[in-house]
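Worksheet for the structure shown next.
Labels run A, B, C and D following the written order; every chain starts at residue 1.
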Amino acid sequence: MLKKIVANAFEATQDIQDNAVIMLGGFGLCGIPENSITALVKMGVKNLTCISNNAGVDDFGIGLLLKTRQVKKMISSYVGENAEFERQLLSGELEVELIPQGTLATRCMATGYGMPAIFTPAGVGTEVAIGKESREFDGKTYLLEHAFKSDFAIVKAWKGDAHGNLIFRATSRNFNPLMAMAGKITIAEVEELYEAGELNPDEIHTPGIYVNRIFKGSNYEKRIEQVTTRLKA
Amino acid sequence: MLKKIVANAFEATQDIQDNAVIMLGGFGLCGIPENSITALVKMGVKNLTCISNNAGVDDFGIGLLLKTRQVKKMISSYVGENAEFERQLLSGELEVELIPQGTLATRCMATGYGMPAIFTPAGVGTEVAIGKESREFDGKTYLLEHAFKSDFAIVKAWKGDAHGNLIFRATSRNFNPLMAMAGKITIAEVEELYEAGELNPDEIHTPGIYVNRIFKGSNYEKRIEQVTTRLKA
Amino acid sequence: MLDKFGIAKRIAKELQDGYYVNLGIGIPTLVANYVPNNIEVILQSENGLLGIGPFPYADEVDADLINAGKQTVTTTHGSSFFDSAMSFGMIRSGRVDLTVLGAMEVAENGDIANWKIPGKMVKGMGGAMDLVASAKNIIVAMQHVNKAGESKLLKRCSLPITGLGCVKKVVTELGVFDIVPEGFKLIERAPAVSVDYIKEKTEGNLILEGDIPEMILD
Amino acid sequence: MLDKFGIAKRIAKELQDGYYVNLGIGIPTLVANYVPNNIEVILQSENGLLGIGPFPYADEVDADLINAGKQTVTTTHGSSFFDSAMSFGMIRSGRVDLTVLGAMEVAENGDIANWKIPGKMVKGMGGAMDLVASAKNIIVAMQHVNKAGESKLLKRCSLPITGLGCVKKVVTELGVFDIVPEGFKLIERAPAVSVDYIKEKTEGNLILEGDIPEMILD
């Protein structure tokens, strides 16, 4: 029988070791694996390389792992919301590799699709292109960008089932299904966990074959970086 | 206002000219754009290059276009269900390019994702590799395969809306969302056509940005190639 | 001279019915407020949304529904969600008709710099490099000069480049400029701004052909 | 000697709990009927389905729900649908644990030929080339000899190749063979089949180590 369901974030992440390369889903604070991040902080695993579009804020998301100095390197597209991050970066405690957002997303997909590399025009002529192979197709120049290798991918979904099938909600989908396909071991935390057969097969975003462990998360804070509203007329 | 909805298959396909390169969704007879194929037969457009995983059967699907000698070339992965096809191929009336199924699918996706080429191990060491560039990544050899160029993609969906958003049903999804992303002009025929806002944004498989024209098809036959059943206990 | 709202208003005149549009953070986001009533424009957010609606009412705020600027938004009729790879797939494959973004510098050959200032904390390029490398029609919305009063319309960018030769049009508080092979072609002057003043504030090659009309913002 | 059901039954013993498995057309499809009751195996169909159920009852037949052999099927608890690019993505990225397929020829170095006979109508490779190029564990289910009585376990394939050095195991009506660096290593004999008989029917290098047990199919 499929044994993908684990009790909680601690059980799901217990074999993540120092120096691991982990991918973390989410865009800003939207759709981040809150429970797993908390578990990693409590476990105290060190020298992590984190592949994540952003680096959280000072006291939430990946910012929590930065505060405790558990991160050796961030691979991200935008890291600009975090004072502690800036301090560690400027002091040389933290390494950062910046990657265009579409390249980051597509390199995750490449891993999940068994494609060793992809071509993208993003970054041609910029410092991102330094040291990279470029190639022309139909008169346009592209960079060769390699699929990611990581030890673990940790994602957050709205609904999941015992087979590891995942459904995401609204823009919390973002990088989550891409990273779910890209982990050597993929861990999914979900708001709602169902028996196999309870989700509609047409509505599944990530087929369970890509997910190794799944658990029902709890106490989601779902913090919002910028609450922008309009007034009722 | 978005003006994607057209009355029927004739209006949708009226500017498809002789010598056009068209992609047709479907796997076997499952999820094929029946109405559009009928319109193409009635219009009598000639010398078509058809990119489609299969070539239909003698009297259904792309087989109808073969019967009327409207197809110059088929680009497919498997064409084995069609006697008229075989006759035209052996007599030299029809050109055929055979492509591994995963390569066919991924080359469609590459087009829709703006990637000029992809790497795949399928066909390495076989006659499919003849004349193609190969490259090693991590000790494994891959072929460089280019994104498709086509004039029109014609797909069949279950549900669609005025914005061109599409939802597919069960395995009739197959190549349809991939080809929908790959047409210079994409035509979608749907069983059920809705107003914008009636489909759940989380459940959409093909975002409307990829679809130029949409119409509600009629009289779907949905022929089955191999009805296989079991007996009630 | 235009304020930021005026710049957004002027750019909104470039919108056409049925356009798919990606609006960057800052002034570009304001363009959404000036879409003419008689046309329909669909806004793309590169985190994974087609069809951005207005900001939510306070009781509608949804943490799972944000734009690329991490602001809470809503959907509209016909919206769809997708992952970020498909989102940049749309961008790379040229499905987005118009991209509007801010810049620190634009060069007369269409180069753009908008992601990094050497010596300052680098926050990252986000999706900007993907957008400028792929979009077929890019309009830059920015102030004409920087805080030191120096022109941002340059012969050559001095800051690290975001993308090469990609900008098609620039709208500043002083005017509208098409990027043509020879440089910045002044198309329209902002209200009450003289050609001479624009000349003075533009370092890159400025092309003046015939009488330059003052823009009309209704 | 085994019949085709026996071959399928023997291959089913290779299944492990939690395996994702792709079964080709013909004998491989029959393997699904012999999955042990105490394990769970999820079948993948490369047109876009994980979790193939049994054939439908007559009143359940659904034209939109077929397998890669174009037969009507059903779903099971936990099934999911996806497009063919993702389907081959799963295959290429090594997520499918076991692939079982038929062959016309297998060579002692693991090469396989199963898509084309020169001079005959070529129907196409379908997904076979993708599967053999990507799957980490490939078992071939086939008859030991062709209709002319010639061995299909060869030193070198004579037919056009589908994939290079990819087959890990071959199960025929005569026995079970692991592909090792030196050739076909006989692991088990089919009931009432002698080693000498297998030797006679095998053109490729046959490796015999110790006593070769007769297979047990319970």
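Here are some notes:
Methods note: a contact is a pair of C-beta atoms (placed from the backbone, for glycine too) under 8 Å apart; a residue touches a chain by one contact, two chains touch by 3 or more.
Predicted, not measured: the structure shown is a model, and the values here were computed from it.
Chains that count as touching both chain A and chain C, per the definition above, are B. Centres computed as Cα averages put chain B at a distance of 29 Å from chain D. Put simply, the C-alpha centre of chain C and that of chain D have 56 angstrom between them.
Chain centres here are Cα averages; for chain A and chain D they lie 36 Å apart. A straight line joining the Cα centres of chain A and chain B is 33 Å long.
For chain B, residues that reach two or more other chains under the stated contact definition are 106, 113-115, 120-121, 168-170, 173, 201-202. Residue positions 49, 75, 81-82, 85, 88-89, 91-92, 134 of chain D are each in touch with at least two other chains. Every pair of chains meeting the contact definition is listed here: A-B, A-C, A-D, B-C, B-D. If you check the complex, the residues on chain A that touch chain B are 106, 113-121, 137-138, 140, 142, 146, 167-170, 173, 201-203.
Taken in their complex, chain C has these residues touching chain B: 17-18, 20, 39-40, 42, 44, 50-51, 75-82, 85-86, 88-96, 134.
Taken in their complex, chain D has these residues touching chain B: 45-49, 54-58, 60-67, 69-73, 75, 81-85, 87-89, 91-92, 111, 121-130, 133-134, 160-164.
Within the complex, the chain A residues that touch chain C are 27-31, 53, 76-80, 86, 89-90, 96, 98, 100-106, 108-109, 120-128, 158, 168-178, 205, 222-232.
Residues 1-3, 111-115, 161-163, 165, 181, 195-197, 201-202, 204, 207-210 of chain A are the ones touching chain D in the complex.
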